[in-house]
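Okay, got some structures for you below.
Below, chain A partners chain B and then partners chain C, in two separate complexes.
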Partner chain A sequence: MEDWMISNLVTVGLLAAMVGCVFLIRRSRLWSEAAVELWKRRPIAILCVSLYLAVAILDSIFWVGGVDTGEDVVSAHEAKSVIDRLFADARERSYSSPFADVEFYGGKALAHPGSHPLGTDIIGRDVVYLALKGVRVAILIGGLTSLIAIPLSLLFGISAGYFGGRVDDFVFFVMSTLASMPGLLLLIALIMAMGRSTLSICIALAVTSWVGFCRIVRGETLKLREQDYVQAARVLGVSEVQIVLRHILPNLAHLVIITFVLTFSGLVLSEAVLAWLGVGVDGSWGQMIDQARSELSRDPVVWWNITAAGSALFVLILAVNMVGDAVRDVLDPRTLRERS
Partner chain B sequence: MSPLLEVNNLTTSFPGAFGEIPVVDDVSFSIDPGEVLALVGESGCGKSMTALSILRLIPKPGQIKNGEILMAGRDIRGLSIPEIRGLRGHEISMIFQEPMTSLNPVVTVGKQVVEAIQLHERVDRAAARARTVELFERVGIPDASDRFDVYPHQLSGGLKQRVMIAMALSTRPKLLIADEPTTALDVTIQAQILGLLRDLQAETGMSILLITHDLGVVNELADRVAVMYAGRIVESGDRRELLLAPGHPYTEGLLKSNPALAQPGQPLPEIAGVVPPPSEWPAGCRFANRCTRAFDVCERDVPVRSQITPTQYACCHAVAKEQRGG
Partner chain C sequence: MLAYIVRRLAYGAMVVFGVLFFLFVVFFWVATPDDIARRALGEKAPAIAIEQWKENHGYDRPLWPWESFDNNMLFAHYKSMLTFDFGRSDADDVPILEKIAGGVGPSLALTVPMFVLGLVASVLLSLIVAVFRDTYVDRMGIVLCVFGMSVSILLYIVGAQYLIAKLLRWFPISGFDPSPDVVLRFLALPIIVGLVSSIGSNVRFYRTVFLEEVHRDFVRTARAKGAGEARIMIHHVLRNAMIPILTQIVIAIPFLFTGSLVLESFFGIPGLGALSVEAIQGNDFATLRTMVFVGSLLFVVAQVVTDVSYSLADPRVRLE
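Moving on, here comes the complex of A and B:
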């Protein structure tokens, strides 16, 4: 099976999971109340995040053919996403400034005058298109890394906190070892060792970022383990595994959501740093910023590339952080009690 | 009639800096089917540890060192983990002091009771739900079917304690351990909960081990009383006998310091001093340094049982001396 088919399958799976989540949230009064409250607090930020998500999903559904590629035989057999198709005939030969009619250097006439709201890059690709392509990469990095890091920290954190003793010692040893290495060096070393693919970068980011959350989970589990309702469950004869699944995990759920949202933005930023150092993911905003470095020293300056990438990154991070902040307010047990 | 629960010479201890510290020391008692035994004593005297020993749930690194706990003739100490898990909840249930924190805050109360039922019996969801609503009605929760889908923070303390009782009774236990069931509730609710426990006990014929420091509660509910002090049972007897004619000076002191009996204008009598921590328990009679009737032997020898009536005994040198006619 080819890559684009896997991508389609994963996208459909994610969409199904999202529908499932909405269904579950609607079924539980606690969660649906929280969702309504969240929407009331930060409608604009939530709309922004949804818009980014929509672009990412449109950019994740591929199929072959249906585009007039002229004489280009190779590209006729390439799978293209919805976003690719929207910008299919917007190529120029070189730089063009926003809404320009002629090329930025040289002054030759453009193939599509006035149709590039953010100009084009050095090989004539539309910058709006590139910025939109970056959305999928950013969300893929943040999401995939969180999907690796959060289960890892939950597994280690809960077993360390709940069972204590030897398990705790082991987990703490691993955590301290990882925490004692400089994060960026470890990241680069891991990426070099595994090769530069999106998956390996996500794994490397996950390995370096799970420790913080694991500490929080361990601490919270230590607290929950001594709660009266856990003791009451033991008195009723509930097994240890069931106690973890029924009593510890659901009471950690708010922490998981808060951390997911907050680490997400951190991870997207880390990728930008990695791209700047030359080990990023292809097509990311970080790479756009990296390429724009030399453009900034040209005369006259080419400013639209870095502006587009920077503001796309900025808006996503700001919106995600605002949503994260609101999620924390809404799910914090103390504010929960005030509302009821 | 053979007793439902028999505890013989139970010793539970925690490792301390200078060797093992027994927090429950050589405790023996028994509960007949359908009987309510009250375990009375100040905070820190080992009441709750005795209860947790019976369920084998002593927090680490505590350990049962000695003695046997016979539940319907089976020694609990020898049971495997799955066996003890089957016993917990199914044969012995427990309700706690703090109804506020004894329910999982993120699961609806009805679901928690349903889970308790399904833990020990193979019943489908609908049947378990019907039984939960029935239990809720039985423990006096108004609008029981509406309260099924409610989260704990939406209920008052008294209602939460009723839910806890419903959960503890959902598995039809033979023995209910009630650890200070009314301490965290206000007085009117206390009376309701005690009345409820008494009715349920009469209805189901279960036994109750009532742990409390409140002699008013003892008087409401108990058939027999065992008074604990510093890890040992110092006096035991039928409720009426013991409350009307206490033998041990400690029981006497507890009774006298009951605010309900206070004389207006007079200071409330109290027992001087506090219970020493387990690491500093004295060698002889542990109450000697606070006792008004102590004499030289008390500091040296551990007192043995002196039968006062066929059903009442006290572990006290002063009582023994009186009986010898000294």
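Moving on, here comes the complex of A and C:
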């Protein structure tokens, strides 16, 4: 199977999962009230995040053909996403500033004058297109890493907190070992050892970021284990697996959501640093910012690349941080005390 | 008491052993010596050249003890790391210990002032925010913190280099000179960037620490006695918040030695962070794993020292 078919399948799967989540939230009064409260607090930030999500989804649905590429035979057989198709005929030869009619250096006429709201980069690609392509990369990094790290920390955290004893000792030892290594160096070491692909970068990010969440899950499970309803379930002869699934896991759900949103922005930001160190994902905003460093020393200055990548990154992180704080306030009763 | 210290030391040693095993798995098993040699020599290097490279750099032994008990990479790795005999760099054959010794100075010159200034600034700012809790000052402060946290450090660096160094020409864009009369000119810009990029999350952290104390009973008593807001904040809130602040300081100390990866290499400061970046870009696995080991060793030592001194100060800790 080709790469783009897998991407399509995953996208459809994730969309189905999202619809399922909405359905589940609507069924439970607790969760639907939390969702309404969240929407009331941060409508703009939520809209922003949804907009980014929509772009990422549009950029994850591929098919072959249907674009008139002129003489270019190779690209006619490549799979292209919806975003690729929207910007298919917007190539120039070199830099052009926003809304320009001529090239930035030399002043030759452009092929598509006035059609680049953010100009073009060194090989003439539209900067709006490049910035939009970065959305999928950023969301992929944050999302895939969380999909690896969260189940891992739930598995280890719950078993350590619930079963205690030897299991707890072992998990705690693994956590303190991982936590004592310098984070960014460990991250890079892992990526260098596993090779540079999107999946290995996400695995490395997951290995370095699951410890914090695992510690929270372990602590919370320790508390839940002593609750009366868990004790009662045990006395009634409910099996350990059933107790974990019925009584422990649902009570950790709010923590999962809070941690997911709050770590997401950190993951995307650390990918930017990785990109600059030469071990990032291709097409990310970090790479655009990295390339733009040399553009700032050109004369006259090429400023639109770094502005586009920087503000796309900033708006996403800001919106996610805002939503994250609101999610924590809505879902975690403990922060009520802090806010008062 | 002695039993607690011995137990804590033994656990620290175990963690160091665990770190070394993890490093071995990553650098010898996930990335095999063949991979490392091929990275250094190029994908199409002939087999003889790879064997030769492995022999020259000491990678030519079997990996695990069950393959050869007397002569394997695992024991050699433990032995060389634990005796601080780190060997030579894979890239330029300079002894790694020499490289590290040369990098500590510049790293500390950058990180210590950055850390001290950052701590003072964020504690002061968060105290102010805590004084004005539940007012517009507090809300604006938090919004500003979130804005500051949402900007990538790359943007801070590129922006500062462009605005302050290139347009305003206040400081050099990058570089380092250890002579005391010019060193500050080179360090000022990275220190400013380091301060600004971390102040948002720090102020938020210390604000929650202070707000936790603000609602305690003794603060209400102090206020009932007629103590002024300044006195309450400094004598009652700040003093009682010292424990989380001190913990934060002790955790940060080991990372002062290993320097800042991003700042050092952007601003051309020849510290340990820049050394690590050089190792990353030159596929120098030997230096890289030594840096990770040194970093975690410092961290474990700092943690053991903190725990032991806590137990000396507070007998309740020993019971856990």
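Quick notes on this one:
Definition applied: the second predicted complex is superposed on the first by the 332 of 340 C-alpha atoms of A that agree within 3 Å, B and C clash if a C-alpha of one lies under 4 Å from a C-alpha of the other, contacts with A are read in each partner's own complex, and residues count from 1 in each chain.
Rule of thumb we're sticking to: a contact is a pair of C-beta atoms (placed from the backbone, for glycine too) under 8 Å apart; a residue touches a chain by one contact, two chains touch by 3 or more.
These figures come from a predicted structure and were not determined experimentally.
Once the two complexes are laid over each other on the shared chain, residue contacts for A:193 go to chain C alone; chain B is not touched. When the two complexes are overlaid on their common chain A, residue A:232 makes contact with chain B while staying clear of chain C. When chain A is checked against chain B and against chain C, the one touching more of its residues turns out to be C.
Once the two complexes are overlaid on the shared chain, A:6 sits clear of chain B and of chain C alike. In the superposition on the C-alpha atoms of chain A, the part of chain A touched by chain B in one complex and by chain C in the other spans residues 337, 340.
Across the interface of their complex, chain C is touched by residues 173-174, 176-178, 180-182, 184-186, 188-190, 192-194, 265, 269, 272-273, 276-279, 286, 289-290, 292-293, 296-297, 306, 310, 313-314, 317-318, 321-322, 325, 337-338, 340 of chain A.
Of all residues in chain C, only 14-15, 18-19, 22-23, 26-27, 30-31, 146-147, 149-155, 158, 161-162, 166, 208, 211-212, 215, 255, 258, 261-262, 276-277, 280-281, 283, 285, 288-289, 291-292, 295-296, 299-300, 303 touch chain A in the complex they form. The part of chain A that touches chain B in the complex is made up of residues 29-30, 227-229, 231-239, 246-247, 250-251, 253, 333, 336-337, 340.
Interface residues of chain B, counted against chain A in their complex, comprise 55, 57, 85-90, 93-94, 96, 98, 101-107, 115-116, 119-120, 149, 151, 153-154, 164, 167, 171.
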